[in-house]
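This report concerns only the one structure given below.
Chain lettering (A, B, C and D) follows the sequence in which the chains are written, and residue indices restart at 1 in each chain.
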Amino acid sequence: MATNQHLFMRIIGIVTLFFLLAPLLLIVVTSFGSEPTISFPIKGFTFSWYANIFAQDTFIQGFITSLEVALLASLTAAAAALPAAYALTRKRNRMNRFLENVFLAPVMVPEVVLGFSLYSSLVIYAHFPLFISLLFGHFLICLPYSARLIIAGMRQFDGSAEEAAWILGSSRLSGFFKILVPNITTSILSGFLLSFINSFNNIPVSVFLSGPNVNMLPTAILNYLQNNYDPTVSAISSCLMLLTLLFMLLAEKKLGLKGFVS
Amino acid sequence: MAALDVKNLALSYDGKTQILNDINLHVQDGELVSLLGPSGCGKTTTLRSIAGLIKANQGQIFVNGKDISKVAVYKRNFGMVFQSYALFPHLNVADNVAFGLKNKHVREPELSKKVDEMLDMVGLLDYKKRFPSELSGGQQQRVSLARSLVTEPDLLFLDEPLSNLDAKLRVEMREMIRAIQQRLKLTMLFVTHDQSECFAISDHVAVMNRGTIEQFDSSEKIYHEPATEFVARFIGYENFFSVTKSLDRQHFLLKEGQVFKAAGASPNSSSLTIRPENIDILETQPDADGQNILPGEVLFSTYLGDSYRYEIQTALGTVIAVSSSDKKYPAGKAVFLDFPSRKLLGLNK
Amino acid sequence: MATNQHLFMRIIGIVTLFFLLAPLLLIVVTSFGSEPTISFPIKGFTFSWYANIFAQDTFIQGFITSLEVALLASLTAAAAALPAAYALTRKRNRMNRFLENVFLAPVMVPEVVLGFSLYSSLVIYAHFPLFISLLFGHFLICLPYSARLIIAGMRQFDGSAEEAAWILGSSRLSGFFKILVPNITTSILSGFLLSFINSFNNIPVSVFLSGPNVNMLPTAILNYLQNNYDPTVSAISSCLMLLTLLFMLLAEKKLGLKGFVS
Amino acid sequence: MAALDVKNLALSYDGKTQILNDINLHVQDGELVSLLGPSGCGKTTTLRSIAGLIKANQGQIFVNGKDISKVAVYKRNFGMVFQSYALFPHLNVADNVAFGLKNKHVREPELSKKVDEMLDMVGLLDYKKRFPSELSGGQQQRVSLARSLVTEPDLLFLDEPLSNLDAKLRVEMREMIRAIQQRLKLTMLFVTHDQSECFAISDHVAVMNRGTIEQFDSSEKIYHEPATEFVARFIGYENFFSVTKSLDRQHFLLKEGQVFKAAGASPNSSSLTIRPENIDILETQPDADGQNILPGEVLFSTYLGDSYRYEIQTALGTVIAVSSSDKKYPAGKAVFLDFPSRKLLGLNK
């Protein structure tokens, strides 16, 4: 059975890989096509669709907004998750279990509902500025990723090293920053990267909390596609893939991708 | 170093179950005292309470006569060696050892000098730049020892420091700890569940059971004169005979009707005990008066290398005897057991 | 510091909870409002928006499509992940590590790119039926969740129990089904539930692969909102939340939520 | 049960490093043979190769003279007790034990009868409906034993079955295993790294080192006549003296220039060894001819409970001696060591 097993797995692997990779490759190829609509095989070769990205103000501005929002949301989520996770992992009582669920809960609310409810309450009802609302929505998206990885990292780290630091004359605060934090940087960074990618690529929340001058890149792409079907979208998709790939390679190299994909 | 006094230490997490119960300890300056007991007896909790990692509900802790019960853990000037080594994974060996000194604001060149001296003492000077993950368990434990000694703590705590090491290393490490302790005249409190480790290393031993200290005595005294059946069982006595009443200063009537002579037992002993290796196995009934002689039948034997261990069926139940004679008695063999009256100890309940 | 720590964590917890829960509660409340547009506080009380859900063919049909697609995609993903995870966890070599990454990869492709590329290749280029393409996209969404949890479950299960079964006369196939599978049902079910919820609520892939008669509920809601801002959306959002909540309670009760939120 | 023969078993994963090297074993019907060695010596790999869980590159395995090397593991009719117990967590105790019988198509009422009998034998009949997670480690291991015995296997393998149990339970379990083995005349192959466990239970012992068998002999012979320095070290000899040449049948010139008389050593011995407890410590030089007498100075002592262990500085380096005398020699004390010529063993390299 061992070899049958292996064969079966390879077939699944190859089929998955094909149906996952072929469409992605197709996008990359069509982004260089000279025809005015996306077509395959391509007739001529051009870089003009890549140039066109920069002609579209909505993409440039979307990219900048995406960077800003993803960065700020990931940072604040990590900053909030770090002390919270510390308090949570030191003691295991009912209150802490409840709070842990709160920190991990947003991931379970259907994102369309989350986006719609934030839009209705923060933007329409409370008249929060759109950018602040968007940022808060993305903070909620990022929090579970950071919290999950930091909690896991702290659970894994032997608590007696911290106790040793106290006995050797470190206060609790100093032990936290000198001993605990340096030993869970991988978890903190993984959580940050995962937050960033998810926030950057998010659609359901961003689509509700966008408006004039506040539009993230994925929603800008979606909007553009409603009126155009030209290879500019292929080009920008290729750029996004390239960025994600670079990001992942960096993460794999620096962090060993620990807890990153899985 | 310093003397330690613990007075009436008590701990309960829920106010109902008593984790520690009226713990009293006196450790002299330069002495090594062990807390010995099975897992869950409270020995580690006692150590952690004294160190300040756990807050006791009650009791005082005195170091050189000064009450430090209210002092925060990081101001107590103690050292501690953990079972899990608890080294700082992101620091190399030298930085691990220097950590406590830096907290005390010791500066270069004194810092490096002290770290080097200490690493030299534990034989790891060549490993200064290594990281904990690159060291074996025994090496990690030596770094841990160096790290806790370099700050010249008033007291050194060792929490089952050897139980993650293999048998050979365990003997080496315990001799090294004992040698350093005697040379530097350190005051140590050592927690272990291993009686041979405990006897090999300690000046005094506190045997703990269910959150209380059952006996606190010198190693020799614990070994030869266990006070209670729990202590006796824990340190390797295997035969226990219930006493119905004492007939005179030396003779005891057992539950089963036999009379045993026990030379040193107190008249109010509730049971008698003897080590398996102190029972003599005879093939024929001796000519003597037959006192302390019991007939029996070999049930089962085990080869121990230098001796045989027998389970022998007698009128007093199954008796465990160990004989270092080269001759092996087969199962079913009828023998006579001689219980030397000086080796029979009396126990309280 | 311990108490400061605790206080800080509580504040973060309460703020998060407030900004997460208040908008959700608002949606529930407005779904009962009698005004023709969403408003708060509500002036009158009515169930008519809930009734209106059933008057909108697009919601009913979207719900049915969502159920079908999420169910089929989760099931096929679990069926594919089970033997693949088994082969992967038995041996740890380069080929298997590569394949493991393949099974977990879809989660790392920006979903807008995944949706767009599947649309361009499967629907436009290869002329696959829309429903099949949608199903395949959701299979890709589900696969990482099932694979991740089943792999974790198998890693955790002591392999010597299977060896014991072989020595006791079970073939490898029989050992797999009699010993391994019954002991990782929690992982399998958790993976299935997580897949199902993510597939059911997905927007970025569904939005590209929808069309006449093939429209999942979240995209139907999105479409509806482009022309209307009446409490029907609040009502359907409330229903979705209720469903998710029931689902989670069921999962917590049956599976102890093991590896579900985290 | 059956006899086992292993011929020229060899294993290498990469074709370069030899994991197992020419392993030969003979286990008689009804015999218990142990594989003893440090971790990484290949003992578990040997066991797993014989059981069929690992495919060896070379060699044959015969059960009652029949070559089973090519037979699939699930058709070999063996039993195995794992270190991790390896019970089926989703089945209760009775179903765990019944698992192998069901694979052999044993039907009710015979099935229940056999399961009950076996559970009765290991004393767990009352735990039939419990699940593994509700049992202690010792109980789980007894279920594992029952599960592997109920199918009446040709051979029973035990892979460090006791090493997850605490000290007391370990002694109880090993005696239970030995008793059942002798009563039912089972053929067993037992893997352990613990020499006392090994001697207590085995008829024959194979001491392994780096994928080869260093010595395969009876327990008594291994204990009293270790063939190599590795074997001697592993079973507790601590003093080794290099031999420069043998002067006659009994006298050996040591590297340091001393001459030792070793009554039983072979003339081509490359070193002599003696157990710490066989060295006599004397306070004054004996009147005798001075043969096998060495002056020394006590460096360090350890209390072992029933005896003291000394490190003694001599012209032959540090000698380890154990004295059960009640008298303790302090550090610095000058003593004379007597090495009884009958207790000095000769070793090959």
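Simple rule for what comes next: a residue touches a chain if its C-beta (ideal position, glycine included) is under 8 Å from a C-beta of that chain, and two chains touch if they have at least 3 such contacts.
Nothing here was measured: the structure is a model prediction, and the numbers come from that model.
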{"item": "Shared interface partners, meaning chains that touch subunit B and subunit D", "value": "none"}
{"item": "Centroid distance [mean C-alpha coordinates] between subunit D and subunit C, Å", "value": "55"}
{"item": "Rounded Å distance between subunit A and subunit C, as computed from the means of their C-alpha atoms", "value": "17"}
{"item": "Sequence positions of subunit D contacting 2 or more other chains", "value": "none"}
{"item": "Contacts with 2+ other chains: residues of subunit A", "value": "171-172"}
{"item": "Topology of the chain contact graph, where touching chains are joined (line, ring, star, complete, other)", "value": "ring"}
{"item": "Of subunit C, residues touching subunit A in the complex", "value": "1-2, 5-6, 8-10, 12-13, 16-17, 19-20, 22-24, 26-27, 30, 38, 40, 80, 83-84, 86-88, 90, 99, 101-114, 116-118, 120-122, 124-125, 136, 140, 143-144, 148, 151-152, 171-173, 176, 197, 200-201, 203-204, 207, 218, 221-222, 225, 233-234, 237, 240-241, 244, 248, 261-262"}
{"item": "Complex contacts: residues of subunit B adjacent to subunit D", "value": "174-175, 178-179, 195-196, 199-201, 219-220, 223, 235-236, 275, 277, 300, 302-306, 309, 311"}
{"item": "Interface residues, subunit C side, partner subunit D - complex", "value": "158, 160-161, 163-172, 174, 179, 182-183"}
{"item": "Of all residues in subunit B, those that touch subunit A in their complex", "value": "51-53, 72-80, 82, 84, 86-90, 99-100, 103-104, 144, 147-148, 151"}
